[in-house]
Structures are given as C-alpha cells and as structure tokens.
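Shared between the two complexes below is chain A, which pairs with chain B and chain C, respectively.
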Partner chain A sequence: MIRPVLVRRDRVLPATQSFGFVVGILVALVLGAILLWVSGNSPAEVYERMFDSAFVGTDSLSRTLERTTPLALTGLSVAVAGSMGLWNIGAEGQMMAGATVATGVAMMADGLSGPALIAVMLASGVAGGMLLMLGPALARSHLGVSEIITTLMLVYVAIRVVEWLQVGPWKDPGSLGFPRIEEVPGQASLPGLFGRVNIGALIALGLLIVFSLAVSRTAWGYELRLAGSSPDTARYAGVSLRRKVLTALLLSGGIAGLAGTIQLTGAEVRLTPGLSNGFGFSGIIVAALALMRPSGVAVVAFVFGAVQVGGQSIQTLGVSSAISDILQAMILFGALVAAVFFNYRIRWTGPLGESSGEEIEQLEPAVEEPDV
Partner chain B sequence: MASENADHAVWLRGIEKQFPGVIACAGADLRVRPGTIHALLGENGAGKTTMVNVLAGIYRPDAGEVWVNGQRRSFHSPADAIAAGVGMVYQEFRLVPTLTVAENIVLGSAPRLLRSTEIEERVAELSAAYGMAADPTRPVWQLSMGERQRVEILKSLWRNASVLVMDEPTAVLTPGEAAELGAALRAMAEGGRSVIYISHKLDQVVAFCDEATVLRQGKTVATVKDLQDVDLTSLAEMMVGSSEGGYVDRPPAVEAGPEVLSLQGVCALNDRGLPALTDINMTVHAGEIVGIVGVSGNGQKELAEVINGLRRPTEGRVTVKGRDVTGASPGDLYRMGVAYVPEDRLGVGLAPKMSVVDNAVVRSYRSQRQGMFLSISKCVKFCQSLVERFSVRVGRLNDPIAGLSGGNLQRLLLGRELAEQPSVLVAAQPSRGLDVQGVAAIQGHLVDQRAAGVGVLLISEDLDELLALSDRLIVMFEGRIMGEYGPDVTPRTILGSAMAGKAPK
Partner chain C sequence: MAKKLLLKLLVVLAALTLIAVGCGNDDDDAAPEPEATQAPAPEPTEAPMDDEVIAAFVFVGPVGDAGWTWAHDQGRRLAEDRTGATTLFVENVPEDGPDFRNVVVDFIEDENANVIFATSFGYMDAMEELAGEYPDVVFEHASGYKMNDTNFGNFFGRMYQPRYLSGMAAGALTETNEIGYVAAFPIPEVLRGINAFTLGAQRTNPDVEVHVTWTFTWFDPAVEGDSAAALLEAGADVIAMHQDSTAPGLAAQDAGARWVSYNSDMSAFAPDAFITAPVWNWGPYYARIIDAVAAGTYAPGAYWGGMDDGIVALAPLAADVPADVAAEIDEVAAQLTDGSWDVFTGEIRDQDGNVVVAEGETMEDGPMLGMEFFVEGVVGSATG
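After this line comes the complex of A and B, so read on.
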C-alpha cells in the first residue's frame, strides 16, 4: 500500500516561508470571499475597502503603521527569546509592567522637561518589563522551570496590579469617582511623525535593525543561536547557558516593556488595564510567522496591522463585526497554516522496506535518538 | 514461510537502517525463541537500540523483515507494535508521576466504564501473579526506581505483551532490586513470554539470560545458544571482536615527550549522581597515544568530560602542561590547548541544524571578528581551509551540517579541533560508525598528531583500533583503572579479563 507521509523539511528557507505566507493569505481571501458572499456582502467591495483603508493614502498608512509599531515590538520580544528556543508567552504582561513603572516614574518626575521625561519613561518601561521577567528568567536559568508557564501567569498578575492601582493608590482625585489613573503629563507624549504615527515607529524599526544585526552578525548572536540550536554544543564551546538564557529572556521582557511604554506615551493618554490590548499575544503569532527572525518580524507585523485596520474599516460597509472578526482570523489562520504546511513536504511511501532513509515525523514524543 | 518461523517469538531478519551520517544496522539478525530471556549485546553504536526500535515500531527499517510470533509484520507506529504483543521498557521510564500505579498501568488501554477500585484490584492480581509487588493506589512519584520499573513491566503485561524488551534495565537499580528483576523476568519466561535483554553488565547477562546475540557495527557477529557454556571473558571479547583489519599502524615509538596531561585521584559523579569515576590516576605525554580500553558505560564518557571541563570532578586534580586546570571551563581548556572530539558528534561536537560554516567556527568565532561584527568572509575562509586541509566533502557551506556523511562530519570536527595545534587531544570513539575510508583517514590524523607531539587520549570500544594505535593501554572497569598494559606484549585474554572486572594476576 502506498500512502502519503508528511516529512519535515531539513531546513525552512525564508523564501519558502514567504511564499507559504502569501499563498496562505490568498487561499484565506478566497475562502473569505465565500463567507462574505454567503453573509450577503459583496466580496469585491469589501476587499477593495479593506485594501484602501489599510494602504491607500497617508491616513490609511498611518493607521496601519500605528498598529504595526506595538506588534513589531512584541513580535521582536518573542523572537529574541525564540532565537534561543525560549518562549516568552507573557509579552502582554511585560507591556503592562513597563507602562506601569513608566507611569509611576512620570508621577514622581513631573518637573522634567519633555524630551528628558520621555527618555526617563522609556528607560523605566524597559526596566519594568525586565523586572516582571526577572522571576521567570531566574527560575528558567537556574531551576529549569518552564518559562512558558511562568511568563503567561504573570500576565494576569500585571493586569490585576493595574486594576488595583486605578481604584487604589493611583486613583485620579479629579476623576469624579471614576476608577482611573491620572493622564500622563502632556510633555511626555511621543512626538508625532505624520498622521497617527509617532517616533515610536522609528524606535521599533531601529530596534529591529539592531537585533537583526546582533543575532545574525555578532559573536553574541552566534552564541545565542548556538545555544538555542544545540545546547550541548554551546556548553562544549564554552558558552554559559545560564547567562545566555538570562540575557535572552530579560531582553525579551525589556522590549515588551518598551512596547507598553510606547503605547502609553504614544497611542494612549493614561495607564488602563486594557492598555496592552492583546498586542503581546499577537506578538507570539508575529514572531512564529517570522520564523523567530527579527528581519521577518517587521514584514509580518505590517501585514498583521493592515489586516486589523482593514478588518475594522469594513464594518462601515455594513459588514457585521462578527463577520469582520472571522475574516481577520481566517487571513491570519491561513498564513499560519500555510507556514506550517510549508515546513513539510509530502512523500509517498511504500510498505516497509521500500522507504528511503529519511525519518518519518513521529507524532509521539517517544522517538529516541539512535545510540549511534 | 510461516511454519519455518513458528518457533520464533521474534525474528528480525536482515535489518538495515541508515541515519544521516551513520549506518546503524547493516543487515543484522535477531531470533528469539518463546519462553527464553535473550540477551542483545554489543558496544554502544553496534545497533542494539536501533534493532529494538524497529521491533517497537519507532523506526521503519530501510530493508529487512520483522516477524513476531510467526507472522510477518509491518509496523507503522508504536501502537501497531503494542497491538502485535511487543512491550518496551526504556531506560528512561515513561510514566506520569502524578498518576497512581494503577492509572499508569491502564493509561491508554483502560476498559471503559470500570470503577477505579476494580481496576486497582485487577492490577493487584496481575502484580501478584508475577511476584512484582506494587501498590496500585500509590502515586508514581513516590516510588523508587526499581518500583517504577516494575510498573513499566506491568504496563506491558497489562497490554498482554508476549515479547518484552528491556533496555539496560539494571542501570538504575540497586543490586537487590536487580536480583528481584531477574526473578520476575524468569517467571515471565516460564509463563511462555520472551524477554529481550539489552545490557552492558555481562555478569548479569550470564546470570539472567538463556541465549545471546552479539551485534557489532550493525551486523550480527555471534549467537550464543547457551550462556552457561561461555564465560565473561569470551563474551567481552565477542563484543569488542577482532575485525577484518584495515587499521593504520602507528610508526615505532618515539621517545616520550614531557607530560602534557595528568589526573591525580580524580573522582566524579555521573548524570544520575552516582559515582562514575573513582580515584583515577593517569598521565599522557607529548607524542604518545594512550588508549582507554573498556566496555562502554564504565566511566569513559565521564573521564573525557572531566578532562574537557564539561563535568566537575568531586575530588582530585587535573593538570595540563603542569598547570592545575581542575574546574576550568571548556572554553578555557580549549585555549590552554585541550581539544576534544566527543563521542556524540552530532549534538555535542556539532550543532546539527546550523550550517557547515557556523559549525566550523564553534571554537574560533571570537577570532573571526571584524570590529564588532563577525566577519562572514573570514568565517567562510576559515571553513574552506578546514574543508581543504582535511578533505571534507561538502555541498554548500551554508546548508545544515546534518546533511554530511558520518566520515565527513568527523573530518570537519577533527579538523576544527586541530586547527589551533592543541597539545592534548581527547578523542572518544573517533572512528565509530565510519566506513573503511573514513576510519583510515581519522586514524591517520591521530597518528600524525602523535608525530607532531600531541598527547592523544584515545577512548574506543574497538580493541583492534586501540591495539594498533596506542603506545599504552589503560583498562577501565566500573569507573576504576584496572591496570596499564603494553599493546604489543599483552594477550587479548588478559585485556578481556580486565575489561570484565577481573584484577590482573
């Protein structure tokens, strides 16, 4: 009996991945067209509106870039940890922690001038994100506790802390009883570039370039990749795994904290429990689609942002918000599925004894390395 | 055909299996009669684990037939093998620590709609029937290693396994528990089941097993119909065997140079925290090859790791060229001139998913910098120089290194270690699994290094290789040095006895 078997590719080339990404989105758009047609909308009209509102004109582009900025930063945060094989699932929480510390610092340092205050807030935002990551990072590097669980759990801690602050110690006395925190001082707003885009976008772009070079072109990045790809080889080469795990996770937390602070000082006016707005979780998808490469994160975050902006805009055409959400989810899902699918290829195998020397991907983790 | 095989519980026939870079099995056979305990013997890498993984449905052989209980089988998954009556007990147990003994045993094959007390009763009956005491209500995390192993065996019996495969079962057991295991296996064999028993502990093999199959370099080299007829020494000799030759001969001894490596009273623990090295004293001089003889698992791996800084000794001193380097990091030791070709080439020595270039600079990436960046052109140039000097056959330098053949992997690895002219080279199983050409190339390099004044510590399970290359032989058994021998004046039988733990006369 000849049957198909999925075989994992030895190596996923960025070109293959990009192709898969595009194919996935196209397939999803076709399926989405059916969905729109069935739900009584005109697919052509809806898609045209989506495209226009995401890409055409300064205002549209600025909306897309406004979304792209936090997605790129959280995507980078996840990718920095991911390039060492670590999963920071809690960028959402580190965003909140960064914004919280930055708000606290702004409250204490109200005498500072604009640029100085912004710089101090951004730096303290990085520190806040690192602070929330400190526990998971130490637990992972010294005790081997899974960072996936600890970083995720701290998301809810960070959000609850903000909820407590807004009804408790940081409650705005001038809020007429509303539970909310005072606005950050006006001079702390990030300078705008055009439309809704502020210099946060440039900071994100700069960081992407810096990390892209650091990971691929420096000795530090080489050690990081070696440790992520083959920990025993890294140890053999004299790399301290503990220190590498610690730095990768702390940097990841710091970048997410910066993302939160840029949201606080750019897009928002005050710290709220909803500030992180799912950007931290979306960052996981962004990084995964970008194969944990900082260079890929920029592109994926841009597409992701465009889908969100376009998806929301079609509600003005009378497309219900539920259909719009489904459509957005389908596009991202299509890209994800295609990306995974392009990691594999189909091989037709005959009965036992006729297969080639390649190993079949086992679904069970019971596969042992050969003792050869 | 079926009638011919009816008297075999298991017949693995002409099994061939290749992994990227290594030939694991090259037409190996294994026949196990019902109601017997059958030992599967061989050095590490002889193909034992591959053979049983084929039987367990984890690997599909490239060629060969699998017969179980007189029927030809083609397993597509471990579930197929379990359904055919093959039970595996791995060295690392696959139990859920938080579940109870009974829950672990029935996991995945529990009868539906049965109360847990009833399941516990049935499990208790089963364990009583085979004399394997195990309280079904206790959670597994509370159990000792011996008890956990019993749970694994009971799990296979619950699934009605007619063939039980035990991979190195006594490694985690106390001597008392090992004796109990022997009795339990005997009870199973008397009940008509068969056991395939993989172990390096030859005394236990002789005590527990009826028959034996010896594998060497992926082939069956001997079958023993009655283990009572053979002694430990000849079993040890069968495992290390005498090959068809083709070994590079070392040129006559030059005068020994100064001491480059010495170990004084070194003790170390293994990964399980048990003593692996006890009071090791040895020296290696410039320009000599010192061979470490021994059946694998007798401390060779830990010895290599201690010397290379990957494992901290609990006692004793390591010196390199007279400097105390005890507890130095692997990177520091390399810079002091200690090079290491680890036993696990792909996984320790090389990072399989990274490119050929990335792997070539594992030792030297710090010196391939230009300003703050790694210079890609410098890295590539360095890699190309290794490829040329050590005649490595490679495709594209940016492809993952896992695509190279075993011989080429080893050439690149050895070349990288030799690039900065070390004074000590520790080579663990450097020629294992390679084809004739590869073996000759690697051994040639070792002899060249000796001539260049490097002190070489050669750890191998291939006695012929050790006899051909070494100036001195040191035999290790259970983490101790049994003695030192001259390769040209020592009969194999003496070495065989020492390897089996018998003190030399």
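After this line comes the complex of A and C, so read on.
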C-alpha cells in the first residue's frame, strides 16, 4: 500500500508562487469553461464579458480598482499580522469599527472644511480599527489567547453596534421612520481620480509600498518576521515578543479601520451594517495568496477585484449567480491549490515504518522555474 | 525582481484570456452579436415612444422556490407574458458596495435595458444617483420613498391589509393565546405588519398576545428557524413571520404548532402547520409600468396599492379554520377591497396604553408609512 505525502520543496524560487498562481487560474478557467458549457452558457461569450468588464476601458478599470482598494487594504491588514505568524480574521469588524468612529467624529466636526474633515476622519478610522483590536492584541501578547477566535468574534460585535446605533442614538430623524444613519457630510467625500476611483486607491498604494519596504528592508521588519518564524531566536536576540505582537496586531487593526473609513467616505454615503461588504474576509484570501507579503498583496488584490467584477458582470448575460459564484471560487481555489503544489511535491511512500511521512527529507531538488 | 515577476504574471494572464476569448470567437458565430446590437441600436431618445421595452430586474436574494424574490420573479414572468417585453434579471445583488451600480450600468449599456426594477430598500440611494445619470431610462424602486419628476418612481403594497386577515385566522387557532412573530428589522413596514396582524388576532381572540423577536436578517434560515423554536419553547403555538425563509414554518411543524407564512403561499413546505399567508402579486404593476413606457405615457409616482388593486392578497385558508371565522375574514376582505374600512381605524392604543388613533378615526398614509410603535398586545421592543 503506497500513499502520497506532501513534502516541502527544497528550494522555493520566488517566481514559483507567481507561476503557480497563473497556472492555477488557467486550470480553473478550463474547468470553468466545462462548467459553463454544461450549464448551457457559451464559455467564449462569458469569458469575453468577464475580461471586458474587468479590464477593457476606463470604466472597467475603474470598477476593478474600486474593489482593489478595499481588498488591498484588508489584504495588507491581514498580511502585516501574518508577517509574524498571527492571523487577523476580524478585518471585517475592524473596518466597521473604523467607519463607526469616523462617522461619530464627522457628526461632531461637520463644520470643518473638506480636507481637514477627511484627515480627521481617516485618522479616527485608524484609531477605531486599533481600538477594536486592542482587546485581542493584549489578550494575545499577555495571556496567549488565540487572536483567531477573538478577532473573529468581535466582527459580530462591531456589526451589532452599528445596528444598534442605526435604530437607536444615531437614527436619522429625516428618513421617515426608517432606521438609517445620517449621510456623511458632503465635503468629507474623498476626491475622485477617474471613474469611481478616488484617492483612497493612492493611499492604499502608498501604504503597500511603505509596509512592503518596512517588512522586507528594515530591522523592524526583520525582527517581526523573526519573531514569527522563530520566537526563541528572536527572544535570544533581545526582541520583545510582547511588543512585537502588540504592534503587529494594532497596525493590522488600524489598516483595516482605514479600509472601512475609505469605503465610508469614498464609495458609500453613510454608515450601514453592510458597509464592510465581505471585503474584510476576502482580505484573508488575498493575504494568503500573497504569502503574507505586502508586495504580493497589490497584485493579488487587483486580480481578485477583477474576478469579482467579471463574475458579477456575467450575470447580466443570464449566467445564474450560483454558477458565477462557483466560477469565482474555482479561479481563487485554483490559484491556491497551484501555490501548494509549487511549494510542495508529492512523494509516494510505502507503508508506515518503511518511510515515515513525518520526516521532511529532500531527495531531489525542486523543479526549476520554467522561463516564461 | 518582484517587478519583473509581476509583469510576467500580467502578460501571461492577458495572453491566456486573449487565447480563451480568441478561440471562442472562431467557433462561436453568436459571439459578435452583442457588439452588433450595441452599435446600430436606436439610441434612447427623449421620448421612448413605441420603443421595444427591455425591463431589467435586480433582486436582493435568490429566486429559489418561495419568498420575496420568488414573488417578484413570478411578477416578472407574468409581466413578460402579458406585455411581450423582454425581461432580464440578476439575483443575489448586495445592497451595499459597488455591485448594484455595476449591474444596472451593465443592463443599460450592454443589454439596452430601458426600465430598471429594483426590489430592495437598500438600493434607494444608488437608484436616485443612477436616475440622474440615465435620464432616458425608467427607474422603479420597490419599498423606497425617494422619487423624481421624470424617470424615478417607487412602489409598494398595503401588505398590512392581508396581514390583518391572517391575524384573524391565527387568533382563532391559538390555544395558548400566545403567538410568536419572527421579525426581520425594526422598520415601519415590519412594525406596521406586526401591528396589523395583532389587531386582526385580537378581533377573533381578545386575550391574544403577540411575542416578537428580531433576527436582523431577511433571509437566514438558521437564525430564523432558531428564533421560531425559541418562541415555541416559550409557549407560543402559532408562528407568524416577516422573513423570506421557510425555516420558521419547519420549526412550527416540528413542534406540532401552526404557521402563518409570508410573501408567497408556502403551504407545500410545512403542510400540517400552514394556516394561510399574506402574499404579493407584483405582476400586474410591472406589466402596467412596461405598457406605460412602451406607450410613452410613463410618469413616476409613489404607488401604494392595496387589496383593491390585487397587489397584495391572502392565500387560501387551512381547512381547520372555523367556518364562522372564515366567513368573517371574507367579509373584512370585502370591506378592505371596497375601501369602506381600513385596518388602522380607532380606537387603537400603543404598548403603553396611549391612544394613537382615536375612536372612529382612520390613520393617514403618512403616519402609517412612518410607523414606529407597537400596539397594545404586542410583547417586545419596537426599536429592536
């Protein structure tokens, strides 16, 4: 009886991740074509519409970038924590917390001019995200409580708080009894760049570059990664693990809070319980596909955004939303699976004892990256 | 290094997609069609007189086989049969985020839709914005309150009327005098429904209490089923609901209790529990709007039709509703239809015992549309 065991490849060339990503998408597109054909749609027509709606023309690019911005920020949020092996599952909730605090500040400071109000709101959004993360961060750094559970649970707390504000203290008297929170003051709208893209996209890009350099090029980033991959070594080297955990998680929460605020003042007009719209959870996939590297987040977020835009647009062709969802999931899953196979290889082992699957030994070098 | 990889990735992606699209065009003659219809299609003129109507529907949930979106889809089918217009739809479009806007723009730009029906409250702000951007397209919004003078109207139905009738049936069948009501969100529409239902139940059973729980969901079978189970455990023997799922009915049937469904006749899902249901019938309204657009006579309005117009109705009653109650329901239905009586006619008191509608008076549409209180006999908080 032989069985397959996944063995980590000896050398993981930096390119294999990107290459795996592309191969995975290609395989998914082929499988997706079969799915579309079986479900009575024309794969060519559907893929053409997906491509056109996500990439061709400024309006399409605007749609893709409109989604790329929040995905990149939540992806970065998860990746910053992930750089030291921490999982922020609650970016969705930190988005809401950021947008909530920013809305509260806007209500008090609506006399400010546009740029001042925007600056104050963005800053308070960061603070809001950090505030929601404070509990999980302290619990993790001082008590060792898993941040995965605490950050996730707080998502629902944050959403419920917005629901409560909406029916209670922040209910807009001018909305005919409908529980809605007042619109954010007009001057707080983020200045547009083109189409539906606003300066939030530039903020996201700037932060990606800053964090990308900080994580890979600075002593701070090195200590962060070291603390994640080898806590004992880090401690020996004099790195304060507690402080590192706190900083990484609070920064992660702050970035997600900023993402929520940028959605509030850029894409939407008012705070609603649906404002985060799943972007926080999608950020986990973005960061995972980017291998927790801030530099990869931008590319993955763009592709993810394009897949979402394309997936939505084919529904107007008559493709059912279920098929569209499956297609989107296949593309992402394809990329994820391929990433696994470009980092691991399958080795067929004999019965236990002959070669224990536990030991990770490398018998042959990893496959070289084919030149594309 | 990273940049080079990025570039490679994009090039390969682009190439792959081009190959996929290119191959498709070779063996699929139908592919160029969308472009062809785009170029020579008559640009929408200021008065789309005699233009072919292409009506596009945006649904918040899945069409499925029962419930809110299913009822709208039945309406779409009926309107298509009746008017001969082309209809399109997209389901599961979230209320927040960019999806709604993108779907509508695709319908207009790629499919030449000239009427947009949007069927959820949360689309309202985006509808208003789009109506301004596309003055030649008609926008009709279910359940909202915004409109303009040229191309943006809203529509809804007086669901409280059949709700009252369903309450009469439920009041007659409860033995514990305790009815559980699984409610979605504390908004005027839902409060109005709970109040009307309670008033109806009190008409056939003065001792009845209606216990309300809020789910803060429109469609979440797990949450809604659990809420119903909790109400049943607390002593209710009839479940009413303002939800799209059938889960409360299944919970009622499991507990040997009874159920008033909503949106559509859901008797097939829990036949032993089912009593009746206040139901939507959107088709005639959709057909009327499509005909008006085709004839160039469309003018936006704030439509709020009742049982007189057939947009709301009561599903058939279960066999064990007592004959005298069934006869009284018919009688009240006739009054609601001919307009001789309406549900919120005094004297009506709120939960605190204050008179909100005086003896002999009938509530105006304005206060009804902005209803924020519970009537006497409802147990629960009107603010969620």
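Definition applied: the second predicted complex is superposed on the first by the 339 of 372 C-alpha atoms of A that agree within 3 Å, B and C clash if a C-alpha of one lies under 4 Å from a C-alpha of the other, contacts with A are read in each partner's own complex, and residues count from 1 in each chain.
By definition in this document, contacts are C-beta pairs under 8 Å (C-beta built on N, C-alpha and C of every residue); 3 or more make two chains touch, one makes a residue touch a chain.
In this text, all values refer to a predicted model and were calculated from it rather than measured experimentally.
Enquirer: Touching A:Val286, do we find chain B (first), chain C (second), both, or neither?
Expert: Touch status of A:Val286: no partner.
Enquirer: Is A:Val162 touching the first partner chain B, the second partner chain C, both, or neither of them?
Expert: Touch partners of A:Val162: none, neither chain B nor chain C.
Enquirer: First (chain B), second (chain C), both or neither: which does A:Val101 touch?
Expert: neither
Enquirer: Looking at chain A, does chain B or chain C touch a larger number of its residues?
Expert: C
Enquirer: I'd like to know which partner A:Ala248 touches here: chain B for first, chain C for second, both or neither.
Expert: neither
Enquirer: First (chain B), second (chain C), both or neither: which does A:Ser42 touch?
Expert: In the superposition, A:Ser42 contacts chain C only.
Enquirer: If we overlay the two complexes on their shared chain A, which of chain B and chain C does A:Val80 touch? Say first, second, both or neither.
Expert: Neither partner.
Enquirer: Have a look at where A:Val269 lands relative to chain B and chain C in the superposition and call it first, second, both or neither.
Expert: Second partner only, chain C.
Enquirer: Could you look at A:Arg217 and tell me whether it touches chain B, chain C, both or neither (first, second, both, neither)?
Expert: A:Arg217 contacts chain B only, not chain C.
Enquirer: Taking the two structures together, which residues of chain A meet both chain B and chain C?
Expert: Common to the two interfaces on chain A: residues 372.
Enquirer: For a test of understanding, state which residues of chain A touch chain B in their complex under the given definition.
Expert: So the residues of chain A touching chain B come out as 10-11, 213, 217-219, 222-223, 225-226, 229-230, 232-240, 351-353, 355-357, 359-360, 362, 364, 366-372.
Enquirer: Flag every residue of chain A that touches chain C in the complex, lowest number first.
Expert: Within the complex, chain A touches chain C at residues 14-15, 18, 21-22, 25-26, 29, 33, 42-45, 47-49, 51, 53, 59, 63, 66-67, 163-164, 167-168, 176-179, 196, 267-270, 272-275, 277-279, 295, 299, 303, 309, 312-313, 315-316, 318, 320-322, 372.
Enquirer: Would you mind writing out the residues of chain C in touch with chain A in their complex?
Expert: 1-2, 5-6, 8-9, 11-13, 16-17, 20-21, 23-25, 27-28, 30-31, 34, 56, 62, 88, 90-92, 94-99, 101-103, 105-107, 110-111, 121-122, 125, 145, 185-188, 216, 369-372, 383-384
Enquirer: Please give the residue numbers of chain B that touch chain A in the complex, ascending.
Expert: So the residues of chain B in touch with chain A come to 18-20, 22, 24, 44-45, 47-50, 53, 58-66, 74-75, 77-78, 90, 94, 308, 310, 329-332, 334, 340, 342, 344, 347-354, 358, 361-363, 365-366, 369, 372-374, 376, 399-400, 402-403, 432-433.
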